[in-house]
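Just so it is clear, A, B, C and D label the chains in written order, and each chain counts residues from 1 on its own.
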Amino acid sequence: MSATHLHESAAAPPAKPNPLLQLVRRRPETITLALLVAICVAVSIINPAFLQPSSLVDIGRASVVMGLFALGVFIILAAGGIDVSFTAIAAFTMYSMTLLVKNYWPDAPIALVLVAATAGGALLGVVNGLLVHYLRVPSLIVTIGTQYLFRGILLAFIGTVWIVSLPPTLGAFGRLPLVQFDSGGRTITLPFYFLVLPAAALVTWWMLNRTLMGRAIFAVGGNANVAERLGYSLRTIHIFMFAYAGALAGLAGIIHTAANRQANPFDLVGTEINVIAAVVLGGARITGGTGTVLGTLLGVLLVVVVNSVLVMVGIPSTWQRVVVGGFILLAAAFFVFCQKKN
Amino acid sequence: MRTTGGQLVMLVVINVALLVFGAAISGGAFLSPFNLQSMAGQLPEIGFLAIGVMLAMCAGNGGIDLSGIALANLSGVVSAVVIGSFLSSVDQQAAYSLAFIAGALVVGVLGGVFNGLLISRLNITPILCTLGTQMLFTGLAVVVSEGRAVAVGSPDLLSEIGNGLFLGVPISFVIFIAVAGLVAALLKFTPFGLWLMLMGTNPKAAMYAGFPRTKVLIATYATSGLLSGLAGVIIAARNVNVKWDYGTSYLLIAILIAVMAGVRPEGGYGRVVCVVLAAIALQLMSSMLNFGGLSNFVRDFAWGALLLTFLAVGRYNVVGLLTPNKSKKLV
Amino acid sequence: QNKPVIATVVKISGIPWFDRMETGVKQFQKDNPDVVATQYGPATADAAQQLQIVTDLIAKGVNGLAVVPMDPSVLEGTLKRAMDRGIIVVTHEADNQKNTHADVEAFDNADYGKALNERLAQCMGGKGKWTTFVGSLGSRTHMQWVGAGEANAKTHPEMVLVDANNESFDDANGTYEKAKEILRKHPDIKGFQTSAGNDVLGVGRAIDEAGLAGKVCLVGTGLPNPSADLLDAGAITAIGFWDPQKAGMAMNAVAKKLIAKEKVEDGANLGVPGYEKVKVTKGPGEGVLIIGNGMVIADKKNYKEFLF
Amino acid sequence: MRGIHKRFGGVHALRGVGFTIEPGEAYHLLGENGCGKSTVIKVMSGALVPDEGEIVLEGKSFHSLTAIQSLSAGIETVYQDLSLLPNLTVAENVALNEQLVASGGRLARLFDRTRLRETAAAALATVGLPSDRGFLGTIVSDLPLAQRQLVAIARAIATKAKMVIMDEPTTSLTRREVDNLIAVVERLRSEGVAVLFVTHKLDECYRIGGHAIVFRDGQCVEQGPLANYTKHRLAELMTGRRIDAERYRTGAPMDGELFAAQGLSLPPNVRDVSFVVRKGEILGITGLADSGRNELAMAIAGVMPATGGSLRIDGKVEKVRHPSEAIKLGIGYVPEDRLAEGLFLDKSILENEIALVVRDLANRLGIVDKAKGRALADKLSQEMRLNTRNLDLPVGALSGGNQQRVLIGRWLSILPKLMVLHGPTVGVDVGSKDTIYRVIQQLAEAGMGLVIVSDDLPELLQNCDRILVMNGGRVVAEYDARETDEDQLYKAMLSSKTSAATSAAISGVANSETVQ
């Protein structure tokens, strides 16, 4: 064996694929962004009234709760699982928290209420995590079970009565403006709670990309058995990620209450598939291990925008479902098409 | 690999336990023939949908069918509107019934084929695809019916399907069991069934082995669609009317039944008999709670608890015998 | 032991409206110890779930069913089977129900829709753009109300209906988003007529936050307690409703009479406020249509008289 | 390791295994498929808990180890399945674990991204992979198999390990990469690191040198310096019987063309390849990993349909666009990666064996004749000398060699005219190899044409009539297998390497100056 042969295989420059396609491949959320821009342009052409600052504010506000849910769903998806119990967790925490505060400490500081709701959600998330870990079954199955369980406990044992007059601090938080301006004789308000979404997104991004835990979550999404073999503790990861998703759900729940000015225990449950769809439209694969926080937010925006321009572009309510359904299919097909080009 | 034998036994045990328990708390009234008939009559619509979900799950690769009940409603609505426009359910009873059934089944199959094409040809993730078609189907049903209920009436044949008894067993239940048997045979004895289950465990190997992936996927979703169409027929036959928003809660319940039956969401495993038994168990439980006059929220709670207990019991059996590592593969 | 059993089945358990109805059922039970009256309801707003409860109750063998159908058409087949088994069937909010012995309505739906719209027109000064919300396109009573409203608005030529029949799914948050969008699309909109119980809350909140309270009119079905804040703020102009408690009592009263083989004649007194002198006509099927006089339209000034 | 026992349900996989590892020494764990090698490794690396026995690490005794304990003790493992995280970058795969171990397995830690890059770059350079930022940021699933194997090795040496375990690390490496790996091992040993090898390639063992540890049936039957044993002796120890490593091919091709490839192209990997296979002929095709041999095999099988050219089988000109078309034409293809591409692991042997012919087993009503299928599967498994008669056993429960036999048996079910075997004995022990080679010869005797695509040169020399060497997507040389040798083949694989080799697949390896 002589070494002389080895130098002959001079490194031929690798064939450079189209940089745009390369981008789309590495960052599928560019597709989401493209779709989003396309829709906004189309809607503005059909109805220039869309181009008002208030549109942006309304879309921003409407994205908060779904965005928080989506971040949680994304983390579970990144680790290769699926969670459908988060809406039940949100309903559970927001309702019982409001009930508790109202009955026992109506003047509780709002920060405390938010933290308590987040912690409550995390606690229920831990239940998910423990079950997923110890029962060793796919998280979809476990969370279908816990969705029924949590919702059943809430409605059967905690209460069904809507709380229409919230504790004052909570109500005030829901109304607290971040930006407020007048336009055409009406007040446009971006509420303060909107900030929670970018803050949560930032924390989530940081957690996923800068901490070992974040990498561990993706590692588990890549291949759980391998991750375990490499020394990642599956138990810790399972418990953490479900607790994190639960915490986000708890937070989303209490913000939903504050924004809505009432605590309705029937709310939220039933929207989980839409949230999952938003995350998938944001470029995360349903089979796990991929996706980005930015993509998730874009996916949420896409869904919110599509849902909030139907009246704007004058689609009669009988046709709205057909349009949204058709849009999801088109968007999904577009996604596949772009990724296949590589 | 989880052998489904244990699952089957467990489901049988649960069903028997529920029957005994129900009889005990109701002083036997729970086992009265009329109540048994009533429960059997309620079962088919959700049962068909659950089998459809099972088929989609077996195909692997995140296969799932969220569009089942939407398609069932669409088939009923479209068939009722179209057939109703040139046949009368009062004057031409037999013709109307047959045409209605045929129409609903055709719409069901077409919807299923549509799903299958999108998933196999365009490679759209099943969960996104069927979510989209779920909205599309519902939306089309709204458009076709303008949001109203469409009357089917009770022509002889249909009302016989909805309300009739055969040897004391509701005819709809007989149909359900027969169709479930056919699907089970399809899975067990035909090339399609073998391809489906093998493909579900390893799609890549299936490709190398030259399986007709597209055809299998389309056939799978088409069968699921056909079952939706059947569900649509049963709904119409029992309720005299069809409507686009019927049974929205069935979406998750159908999945619940499938996973309780031990169908693996990763694909490759599922037995029709287990799905039927799981559906019966849920039906027994929910009727029992209605008998006891308990709040329906308790039912949700009980379903969740039942599913989790089920998983825990399955796991516990394993723990005693084998190492945790192995339990993923063997029972 | 042989007391007749009357089961009341509502659209969905736990929500304020039907909790209020349950107080009526309980009251009825207290007043009539010679019957057994209880209320049932599904956990989700799905006609299929309600259907299962009715089916199970028929199998259990009750004597009377008092049903508030989620969807009258869906229950036809099952109620027919109940009647065939000799069960007395009474319905509510279902004036098109064929298979029932008696349908009890708090009022005539067309009258109610007209009254709501007239109140709206009065607030709008008879002119301007207005729109409508329904719980769902499938909800017959809601469509009747907005239909009657539309007809009434024709008498005010300057009222312009835009983007009608928005679906709210009885979800306050979704309604809020939709209302926002409409406010953006039609900055000059003047009125909303809503139908589902939560719609006034969602639309009212949108109006309130836009600082349009008092400038944009909102009239719709709603309950006094939840609407109190928004009524005070002027974001809701007026709410219309009937008292579910009384409706529940009336249904049970009719069922009890029918079980005892008594007849309900035109002008009869059911012994329930608002149903002292009911109008009885032939219903769409074999049964009768019993119409009471239970309509209430309340605003800022008088809502406090109704505490539920 | 002392007296380690491990049972899996009924299987007693390790029956009192014990051996000692000294620093700076190389060990070769040898044995047939399923004799317990991987299990022992899993016990050492903390992936499995033994039932009995103790593990002594630098004087301290443990009953069992956790993954983190083992890693902190400096035991690094290159697993047989590589154990890479496919969705993470090269850098993370190589160097993240170092930081995880440093934190003691605790996850609530930030990680040092500069250190990550530096560690990764250094380790990658050692195994001869590029270490620029672009490569560090590549997602591992985008890499070809050979590079992945090198990445897995890089991970093992990224930390200051005291012992590196490699479970069949060379299965998908080309010879040159193996040379490089051997150099790496040398260096590790010189730094006092112990290296434990598991391999079925005895030649490599001799090139590395060191100690042999021979397993049979979960027991350690022999240990000692490799130099004390001949290849024959080792094979005998492993299998408990004698095996001849002579040329298996005794027959000769028959007259008449069976199959011809005519200008097959699949740019940029395959360019205008033509060759002929006669009835009863065994044709070998070899080349480096990027030579296009893999793509050529897949093009013939329809897995990656050729974009140009055609096939001629039995005189008829055909195109193959899908595996099912190849099957119809009587072309069988045994894929290289039997776990991912070949077998349905969770399913029974029966279902795996009849997978290709279910349609033919179905009667006019579309019902599969299970009895006939069972008879067929039974016949096939006897032909392939499967060591179990229980056809309902899941294939996943078989050892590698037996799994491969199931896979080959499956293809026999279609009575192929031409069978393409891609790496037919990758990771298969000597005993199973012997069986598989004998079966191959029998098939050729019966008139079947066979194409063996492999980089195992002795395998080709022992079994083929002719050997084609590919390079840069073209056939560059053809040899009569009786008259050539490994050196000649190897030179042909490299020498004409032209700039036509466009793939970037192994370009990074070129700058390895580490070969002796």
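The definition used in the following text is that a residue touches a chain if its C-beta (ideal position, glycine included) is under 8 Å from a C-beta of that chain, and two chains touch if they have at least 3 such contacts.
Predicted model only: the values in this text are computed from it and were never measured.
Colleague: Which chain has its C-alpha centre farthest away from the C-alpha centre of chain D?
Modeller: Farthest from chain D by mean C-alpha position: C.
Colleague: Quick check: more C-beta contact pairs at B-D or at A-D?
Modeller: A-D
Colleague: Using mean CA coordinates as chain centres, what's the gap between chain C and chain D in Å?
Modeller: 72
Colleague: In whole angstrom, what separates the CA-based centres of chain A and chain D?
Modeller: So the centroids are 42 Å from each other.
Colleague: Please tell me the distance, in whole Å, between the geometric centres of chain B and chain C computed from their C-alpha atoms.
Modeller: Distance between chain centres, rounded to whole Å: 34 Å.
Colleague: Residues of chain C touching 2+ other chains?
Modeller: 13-14, 43-44, 137
Colleague: Which residues of chain D are in contact with two or more other chains?
Modeller: Not one residue in chain D touches at least two other chains.
Colleague: If you look at chain A, which of its residues touch at least two other chains?
Modeller: In chain A, 151-152, 155, 160, 318, 320 touch at least two other chains.
Colleague: Check the chains against each other and report every pair that touches.
Modeller: Applying the touch criterion to every chain pair yields A-B, A-C, A-D, B-C, B-D.
Colleague: Help me check something: in the complex, which residues belonging to chain C touch chain B?
Modeller: Those residues of chain C that touch chain B are 13-14, 38, 40-44, 46-49, 51-53, 55-61, 71-78, 80-81, 136-138, 140, 143.
Colleague: Taking the touch rule as given, give the residues of chain D at its contact with chain B in the complex, in rising order.
Modeller: 8-9, 48-49, 301-303, 322-327, 333, 335, 340-347, 351, 354-356, 358-359, 361-362, 366-368, 370, 394, 396, 410
Colleague: Chain D touches which residues of chain A in the complex?
Modeller: The contact residues of chain A facing chain D are 1, 3, 5-15, 26, 210-213, 215-216, 218-219, 221-223, 226-233, 236-237, 240, 289-290.
Colleague: Which residues of chain B touch chain C in their complex?
Modeller: 29, 32, 34-35, 37-39, 41-42, 45, 142, 146-149, 151, 154, 162-163, 237-241, 243-250, 286-287, 290-291, 293, 295-297, 299-300
Colleague: Which residues, counting only chain B, touch chain D once they are in their complex?
Modeller: Where chain B meets chain D, its residues are 1, 189-192, 194-195, 197-198, 201-202, 204-212, 268-269, 321-323, 325-326, 329-330.
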